[in-house]
Amino acid sequence: MRIPFSNLFKRYSQKAGLPPGSLVYVGEERTDPVRISVIDYNETHLHETEIQTIEECLSFKDTDTVTWIHIEGIHETSVIESIGNHFGVNSLVLEDLMTPNHLSKIEIYEEYVFIILKSLDYNTTSVSVSREQISLIIAENFVISLAENRGEHFTPIQNRLRNAQGKIRNMRSDYLAYALIDVIVDHYFIALEQLSDQLDSVEEQIISDPSSEVLGKINILRKEFLHLRRPILPLRDVLNDILDDEVRLFTQDTDLYFRDVYDHLMQVIHTLETLRSAASGLFDTYTSAVSHRMNEVMKVLTIVATFFIPLTFVAGIYGMNFQFMPELETRWGYPAVLLVMVGISIGMFTYFKLKKWL
Amino acid sequence: MRIPFSNLFKRYSQKAGLPPGSLVYVGEERTDPVRISVIDYNETHLHETEIQTIEECLSFKDTDTVTWIHIEGIHETSVIESIGNHFGVNSLVLEDLMTPNHLSKIEIYEEYVFIILKSLDYNTTSVSVSREQISLIIAENFVISLAENRGEHFTPIQNRLRNAQGKIRNMRSDYLAYALIDVIVDHYFIALEQLSDQLDSVEEQIISDPSSEVLGKINILRKEFLHLRRPILPLRDVLNDILDDEVRLFTQDTDLYFRDVYDHLMQVIHTLETLRSAASGLFDTYTSAVSHRMNEVMKVLTIVATFFIPLTFVAGIYGMNFQFMPELETRWGYPAVLLVMVGISIGMFTYFKLKKWL
Amino acid sequence: MRIPFSNLFKRYSQKAGLPPGSLVYVGEERTDPVRISVIDYNETHLHETEIQTIEECLSFKDTDTVTWIHIEGIHETSVIESIGNHFGVNSLVLEDLMTPNHLSKIEIYEEYVFIILKSLDYNTTSVSVSREQISLIIAENFVISLAENRGEHFTPIQNRLRNAQGKIRNMRSDYLAYALIDVIVDHYFIALEQLSDQLDSVEEQIISDPSSEVLGKINILRKEFLHLRRPILPLRDVLNDILDDEVRLFTQDTDLYFRDVYDHLMQVIHTLETLRSAASGLFDTYTSAVSHRMNEVMKVLTIVATFFIPLTFVAGIYGMNFQFMPELETRWGYPAVLLVMVGISIGMFTYFKLKKWL
Amino acid sequence: MRIPFSNLFKRYSQKAGLPPGSLVYVGEERTDPVRISVIDYNETHLHETEIQTIEECLSFKDTDTVTWIHIEGIHETSVIESIGNHFGVNSLVLEDLMTPNHLSKIEIYEEYVFIILKSLDYNTTSVSVSREQISLIIAENFVISLAENRGEHFTPIQNRLRNAQGKIRNMRSDYLAYALIDVIVDHYFIALEQLSDQLDSVEEQIISDPSSEVLGKINILRKEFLHLRRPILPLRDVLNDILDDEVRLFTQDTDLYFRDVYDHLMQVIHTLETLRSAASGLFDTYTSAVSHRMNEVMKVLTIVATFFIPLTFVAGIYGMNFQFMPELETRWGYPAVLLVMVGISIGMFTYFKLKKWL
Amino acid sequence: MRIPFSNLFKRYSQKAGLPPGSLVYVGEERTDPVRISVIDYNETHLHETEIQTIEECLSFKDTDTVTWIHIEGIHETSVIESIGNHFGVNSLVLEDLMTPNHLSKIEIYEEYVFIILKSLDYNTTSVSVSREQISLIIAENFVISLAENRGEHFTPIQNRLRNAQGKIRNMRSDYLAYALIDVIVDHYFIALEQLSDQLDSVEEQIISDPSSEVLGKINILRKEFLHLRRPILPLRDVLNDILDDEVRLFTQDTDLYFRDVYDHLMQVIHTLETLRSAASGLFDTYTSAVSHRMNEVMKVLTIVATFFIPLTFVAGIYGMNFQFMPELETRWGYPAVLLVMVGISIGMFTYFKLKKWL
């Protein structure tokens, strides 16, 4: 599978010159409807529902419970606009929600915090990692999360909420934000695990059979690791900002948890850099393996050619049709020539042995 | 298309030893007249006009409206001088206006801010990116922008002003400056998009047919990405300085917008670095592909040569003209030799199979 | 021996989505029981014992003596849980204790300091370095150390305690922590020593015989050095934090000693980087050596082929069966041709000599 | 032209162990006399003279005018000593004046500022850049400049002084220092321009004909760029120190000008790094071009050899002298064999076409 | 000469697990006695003596003169111990004195400053640089210097003291320390000079004759430069600490001198990095030169083979023994074939000319 470099952009150029805050969806064309699921919870109760329009969940907005609105699909302008209208979200943020080609970033506003991050998903059939933009709007008593597609990333969180597993039900919206970011970072590990397995298998192939197909695979892996820095690296700054205590919304209680995510992310980054430098190292290995092979091939050719060329020449001499070639008429001529040939052969063999070619 | 390295300089050397502030145009020779267009606007009215000399727009200078003077062409000393005379611009700044080989920079003066940046334009016919220096002089109620050539970059801004689209008409000169910088940064994306498409097509060619023409293309792309760092990277410092709140002219209202441009620029830089390292990676891929091909060629030669050389030798033996070669006279001599040859062939074939060359 | 890249992870993915603080062992499967040894000491007395459960050593907890609890094996949830219950250790720390894939780190709590570091062990039979996670919980008057496996690393410390060697018995828990970290860093030297010996032997082989087996060895060494950065580098930050005087538990008395460990670690890091860059340098050496060899092989082929091919051609001419070839019938034909051949040979020989191929 | 690495040192080792402040000239041997020219000026008058000994200009020393003493030649100990005696210059500075192998640096003393920088001169006949050490001693009302050789670098400044061009005559010694540094930095551009022209021409040659002579040229250019970092890079720190406002002698009036030089220097550095990385990139291009060529050569050999070797074998078969070879006696034997040969040729041709070798 | 990587360690592993401050000599085995020379001096008098035990010089300790105790040999525990006993030196410092594998460092104590640095010595017979650890203990009125071996490094200093050359006799212990460090840094230049000469000669060989012996030399030089960073780079931090004014013992009077050493060291480091990158660049040059050569060899083979193979085939045709080959019986058959051969030759020659192979 090829990963074109042009994937690094998603038709961004369409927007050049538009005034800021223009709500134009710039991802892939889509027709499937947006799915909005709401979970409203506190320690004692939990209410779960699926709604069609943002307006349906406004009743939860001013209660004391935490409300998690999860939106799958960012291509419907009307949905994004009603977030702006009802939750007082800045128009530049709304614009960012609809353009799925941002680097991870955090923006801190009076009433809410806006976080963009990237989830990674290893696709076993296409043998590649797909990226998706996840946006989080975190306020005092609600969290709005937006994903580009329907997916299973957040199912474990939903289950923990439903089953009141761990302390998630006792905590506020900042802990929910932590849980969502944590599960995304955990998926980074999974993606890297799968890619490192591929790296291992490619490495084995290089040594056993350095074909041109392997070369293609090294290329793809190197590109994959190169591309993965973009979604992963900037998240470090986001977490640093959260830990820097500037953000009023993130309380001390969750500091410990965000530090934990930070540690995991650092492991991811260390591992990514290790794998990336390993992947480019494979080119050296490949080139070395190929030139070693060529060497072997050349040796065989050289041995065979230098062995037989002189012998053939000798045979050629006595294949000439001169009338006066005294050797031709003697009885011992033929056996003598054969003997000379054997002698040359032994000489050659010894020479090759000395050169360690045999 | 070749991009000579000497393009990095535009006859700078001419100026060595001249006193500072000397107004000497050092770009390409030009004869076309300079075009000066003026838009004077506030929330309620907009006045647009095209003028011949700077003096014609002085009436707008002291009004409360925002005046945008856009000058296309920097080769007429008289125009530059009258900017200095009427708008109180420093002579070193005037010198910079006329020398289109500066790195992006910002200079903050009492009354105005001077910004140099580079616009990029992907030219589809020459398949390369052309650079142009854009200078901005931003004061309380006017913005002077200078471009080297006539171009379409700022047309969307002009339209937004004319149609009172977005909030541009309600804002001051700093917002106009933002809009101009924003549209330039957006064009960086377009240039990178086009180049990444080329990168993709070159990569495909390497794998399908690593000819020397492809090598030339890799070279050009690598140079292109190397050269693009010069116009793009220093702009980061310019934006940082604007965001650092040192500049009185840039109010808090536009901070949010400049932060947005900054984010876009960071994406551009990330992408540029990714593409640049991908472009140099293509050399490895090319070399690997070429040596793999050579390996294939060598194998064919080796197989054919090692197959036939021994057989030819055998034929050579019985082509000798010795009188006493008993094999020649027996009836089964010829078929026996043919059989031996078939035997050798089968042996060779097995050997090649074992070596996995066939 | 191959070191798969997938070793960088130890089934981390299993934990994605679990609530934080979940005690799940994610290392290799194990059945052997956990061994817990306790040394309780002060200047005048020392009590040593081996216990089955953490509960057995609670009597030492509130005395004024230093208690060192060393646990070999981190796979029994019950043991880890009782550490949490009886020593007031945070559940996130407990989780970290059971997941042996952390980077080295330090976490400072009110009552104790938690340190993770990696011990390295050069295994002479598998010719590779094995890693193990060591966790330290250091409090006012006890130190809990956890290792993944049974090992001999800490035996010298135990002996120094038993024999009251040096001043270890006169010092507090922070000195014990120093001694434990010091012995681990000392083992880094041993591992690097062994690997540098291998590097030397591989380098010798490259020059004497650049076979494909050597290529495999270079590859393994390069990977080994790449992988070693992960356990070693982050320890620097841990020691920096200890030396930064933020940590109440580490008194000025031990500062001098930690500075000493820090110096050792810096030597280790310098050496590691030197060896790592040397190991990748070997690829250049290998490729150069192989292409030099190929050059030699090609020269032999070229010399033999260009020597005999023209001669064989001449013989071929006079092997033609035309009825009217006057040379064939003259007496001096054969010797003349032989002379021509000798002449060609001498010409060739001179040419090769001039080219410095012989 | 070869640039030996040993040029990086100018017999420095001679001085090992001498006490500091020893005045020993360590540059190339010289016999030509030192030339000392003096320009004494203020707004209204200018006095220019050429003197033999420093003592002759002492009369200017305590006047209010600016005195510029320019010394060409640093090999006469007596001249250097009298600078020390009459202008109160530190003995370590005097030592530095005579050793032309310093990095650019600034030293700030109570009464004067000492600056070392390097001028570059592109020599069109030797096609290389020569370096020269320029030392500046800048005090309240005099500037002493020392160059190793006679040269034309400062002629434009002298002319501007004579003709009262620009504002140089109205300014103090710090502006003169600026003018001198500015003209030197401008010459960096000229040197880089010339080298980039060479880079372009070498690049063209690589693609048209990658001979070993080109390889030598790449090597020289790469070394040239590597060596140029030494004179250029440290000047940045010098200018930074001047701009940092620590230096009393450099007034705010010249700040703007030094900032201008600083900007130019940053352009020089950016360009140098770009060219340097381009020059090492040429090795890849060269290697790729050479291996592409080799590939072409190999293909021709392989095509010719695999085409004719089987045909020659067939001919060899029927050149055997067996008495019983029934084919030989049939009428259609010869044409049949010729037909077989044509068949083989067509087969080969098709195979090569399929492999895209023809 | 080979430099094994294992040299980076001097049996450090022996010490793993020992308590800190254990005095164990870990350098090479030695039996020659330690030499202790003492120079006691002030402005007016100088007393020089050679002693057997440290105790003999205690009389100088409390006088107001500066006492320089220079010890050659660090393998006698008793000598080191008496330094500790009589001069109040910390046991960790004593341990460092005996272990000659430290990085350069400075440790500041109440009463004295402890400095470790590395002297370099270019050995012309083994054509390599040998390293030695020099330790300095600098107190108010004495300096203790320790070298591993007997050497000539400090002889110039001794002579300057004896002859009261320069101002060394008028200064305190900090100036003596400066003089010692200065002379060591000066020797760095000498070592680099020698190595750069080698680099030049190797470079010449690559271009004239890229043999495998040259490859070995490049390898050794690259390793040499890689290894030299270890002794040289950390000294910068040492000098920075001295210049940072934290150290009470180093007075303002010597600041100027240490700044001078610092400048020299920076030159050394710049030069080392330049040479190091030049040395790895030589691999590219070598590979390019080798593949260029191979190209030449291949061309010769290809030209000869493609020239003669078709001709030989033609000769083979008419060497066949068919009874009915009409060409054989015609008179013009032989000359016609010869003519065809000449035609083929001319065609080939033209082709090679077009390909620029001849």
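We just call them A, B, C, D and E in the order they show up, numbering each chain from 1.
We take it that a contact is a pair of C-beta atoms (placed from the backbone, for glycine too) under 8 Å apart; a residue touches a chain by one contact, two chains touch by 3 or more.
No experiment lies behind these values; they were computed from the predicted model shown.
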item	value
Joint neighbours of chain E and chain A, given as chain labels	C
When chain B is superposed on chain D by its C-alpha atoms, the rotation angle in degrees, nearest 5	70
Whole-Å gap separating chain A and chain D, where each centre is the average of the chain's CA atoms	42
Chain centre separation in whole Å, for chain C relative to chain A (CA means)	26
Contacts with two or more other chains, residues of chain C listed in rising order	287, 291, 294, 298, 301, 305, 309, 312, 316, 319-321, 325
Ring order of chains, beginning at chain B and proceeding to chain D	B, D, E, C, A
Residues of chain B defined as touching chain D within the complex	2, 4-6, 8-9, 12-13, 15-22, 90, 92, 101-103, 105, 107, 209-212, 215-216, 219, 222-223, 226-227, 229-230, 280, 283, 286-287, 290-291, 293-294, 297-298, 300-301, 304-305, 308-309, 311-312, 315-316, 318-321, 325, 327-331, 333-334, 337
Touching residues (chain side chain E, partner chain D) in the complex	155-157, 160, 165-168, 179, 182-183, 186-187, 189-190, 192-193, 196-197, 199-200, 203-204, 207, 256-257, 259-260, 263, 266-267, 270-271, 274-275, 277-278, 281, 284-285, 287-289, 291-292, 294-295, 298-299, 301-302, 305-306, 309-310, 312-313, 316-317, 319-325, 355-357
